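By letter and in written order, the chains are A, B, C and D; residue numbering begins at 1 in each of them.
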Amino acid sequence: MRTIVVICTGGTIEKVYSEQSGRVENLDGKIDGYLRMLRLPETRVVTVRLMNKDSLEMTDADRETVLETVREHAAGGTPMVITHGTDTMTETGLYLRDRLEGLRAPVVLTGAMTPLGFERSDGLQNLTESLLAAKILAPGVWLAMHNEVFPIDKVRKDRELARFVWK
Amino acid sequence: MRTIVVICTGGTIEKVYSEQSGRVENLDGKIDGYLRMLRLPETRVVTVRLMNKDSLEMTDADRETVLETVREHAAGGTPMVITHGTDTMTETGLYLRDRLEGLRAPVVLTGAMTPLGFERSDGLQNLTESLLAAKILAPGVWLAMHNEVFPIDKVRKDRELARFVWK
Amino acid sequence: MRTIVVICTGGTIEKVYSEQSGRVENLDGKIDGYLRMLRLPETRVVTVRLMNKDSLEMTDADRETVLETVREHAAGGTPMVITHGTDTMTETGLYLRDRLEGLRAPVVLTGAMTPLGFERSDGLQNLTESLLAAKILAPGVWLAMHNEVFPIDKVRKDRELARFVWK
Amino acid sequence: MRTIVVICTGGTIEKVYSEQSGRVENLDGKIDGYLRMLRLPETRVVTVRLMNKDSLEMTDADRETVLETVREHAAGGTPMVITHGTDTMTETGLYLRDRLEGLRAPVVLTGAMTPLGFERSDGLQNLTESLLAAKILAPGVWLAMHNEVFPIDKVRKDRELARFVWK
C-alpha cells in the first residue's frame, strides 16, 4: 500500500456549471468525488485542498503555499499530484522546481482542458495518468496530461490546440 | 409510426464548453446527437434547426420564424417539440399561443438548466419527457420539464430555484 | 406536489454485472439510485420494493403481491409505475387489469432491454417516460417504453427486435 | 509522436450485453471505440485485433499468435499494450516472457473486472493506465491495472477480491 498526496488548487478540471450565472466557475471541489470513480486498492490517496482558483488568479503567495505543502510531504518521499489550472501550470511547476533541492519524490502537475464530468472531458484521463505517473516516475517535477509526461522545463501550453506541447 | 418535429432554437440545452474561451456557448447543435441516444422505434423524428441562440438574444423576428415553422407542421396535425432557452421560453410560448388559432397538434416547449452532457444535466430527461408529451397531450401549447407538464399560460421560471413553477 | 408510487419487482432494468460470476443478475435494487439522477421537484416519488426477480421466475403468488400493492394505492387515486422484467411484463399487466375494477389511477408498467447504467441502456429513458406517463395518462393499465404508450391488451414483446410492438 | 501497438484479444473488458441472450459476451470489439474517448495527441495508436475470446477459452495456439505479433513489433522497439481476459492474463504474460529474449520494449497486459461502458467499470481506467505505462516503463512484460504496475512474475488474480495482488 503506497500513499499519494493529491494537492488541489482549482483550475478548469474542478469547474462546475452554475445554473444561476450560466458560467463555469470554481465553486466546489470535485477531485474527491471523481477519485471515488477510480479503483485504487493498493493506494492510499490523501487529498489536500489548498484553494479553488482559476489559475490566472494565482499569486506568488498561493505558490508559496503550494511549495510549503510539497516540501512537507516530499521530506518523507511521498509522491504527489497537484491539480491546477492549465494557464499557469508550468509557471507553478517551475516555481516549485527552482525551490526544491534534492527532491526525493515525484511531483506531478495535472489539470484539464474541459471540466471533470462535462462531455468529452479529459479530466478523469489526466487524473488517472497523473496518479500512475506519481507511482512510477523518478523524483522531479513533471507535468502529465493526454498520455504524455513532460519534465516541467520542457513543456508549454498551446492555447489554440488546447493542449501542452514539447518546447 | 408517428412523426414528431423537433424545432431547435438553441438555449442552455445546446450549449457547449469552449476550451478556447472557457465559456459555455451556443456553437454547434447538440439535439441530433443526443436524440440518437434514445430508442424511438415507433417514432420518426424530424429535426428542424432554425437558430442556435441564447434565448435572451431572441427577437420577435426569431419568434416569427418559429411561428411560421409551427404553422407549417401544425396544418397536418404533426406534434412538435421546440427546444429553447429557459429565460424567454414562456415568452415564445405565449407568442405562439396568441397567434395559433384552432391548433390541431400539441406544441411542447422544453430546454434545460444545465447543458446536455454536463454532469447532472437535466437535458436528456427533458428531451425524453417532451417527446412523450408530444405524443400523448391534447392540442395546445405546453411546457414540459422535470416530470411536469404546464399549459403555457400557467407557468413561470423561478431563477433562484433554477426551475419552472406553477403561476 | 403529486405523489407517484414506483413498485419495483426486478427484471433486466435492475440487473447488475457480477465480477465474481461474470453474469448479470438481480442482486441489488437500482431504481432508487437512478431516480436520484432525475429532477422531480413537483413530484413525491415513493418506491416500494416487492421482490427482485428475473420476470421468467415470477409466480402467480408474486403477481398477487403486486396486485395487492396496486389495490392499496389505487384506492386513493395515486398513479403508479411498476418496474418489471420484459419477458412476462404483459402477463403481469393483464393479470392486474383483469382483477382491478373501477381503477381510479394509471398503472404504468415499464422495464428495460439493457440494464440501467450499461452503455446504450434504455432504462433511464423508460423510467423517465413512465413517470411522466403516470402523471398524464387516464386511469388504466399501460405499458410505456421507447417513447410509446400501449394499453396493456394491445402490446406484445418481439424478442428478436428486442422491443414491444403493437398487436 | 510515439507509436503504441494495442493488441486486442477479448476478455471481460470487451464484453457486451446481449439483449437477445441476456448474457455478456465477446461479440464485437470495443477497444477502438473507447480509445476515441481518450486524448492522445502525441501518440499514434495502432490496434491489432487477434481474437475476441473469454480468456478461459484461450489455447496455446492463441498464445502463439499473440507471441508472434509481439515479436514483430518488439523488433523495432515499439511499446505494446495487450488487452486480455483476467482469468488467464498472467498465464499469457508468463508465456510471452519465457519466449521473448532481449525484449527491447515494454509489453503491458491489461483488462477489466467489469466491461467497458458498464457502470463502475474499471476498463477505461485500466486502458488509460496501460497506455501511459507503455510509454514510460522499461522493457519487460508487465501487468497494469487499478493504479498498480506489476512485473508479470510477481502478480496473481484474487478472484474474491476481483483484482490482482502481489505474490
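Keep in mind that, in the parts below, contacts are C-beta pairs under 8 Å (C-beta built on N, C-alpha and C of every residue); 3 or more make two chains touch, one makes a residue touch a chain.
Keep in mind the model is a prediction, meaning the values are calculated, not measured.
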Neighbouring chains shared between subunit A and subunit B, ordered by label: none
Contact-graph separation of subunit B and subunit D, given in steps at minimum: 2
Per Cα centroids, the chain farthest from subunit C: A
Subunit D against subunit A, contact positions shared by both copies (same if over half, else different): same
CA centroid of subunit C to CA centroid of subunit D, Å: 39
Distance from subunit C to subunit A - Cα centre to Cα centre, in angstrom: 45
Distance between chain centroids, defined by C-alpha means - subunit B, subunit C (Å): 27
Where subunit A touches two or more other chains, by residue: 113, 120
Chains that touch, pairwise: A-B, A-D, B-C, C-D
Subunit A contact footprint on subunit B (complex, rising order): 12, 17, 19-20, 22-24, 113-120, 159-160, 162
Touching residues (chain side subunit C, partner subunit B) in the complex: 37-43, 113, 120, 122, 124-125, 128-129, 131-133, 135-137, 144, 146-149, 161, 163, 166
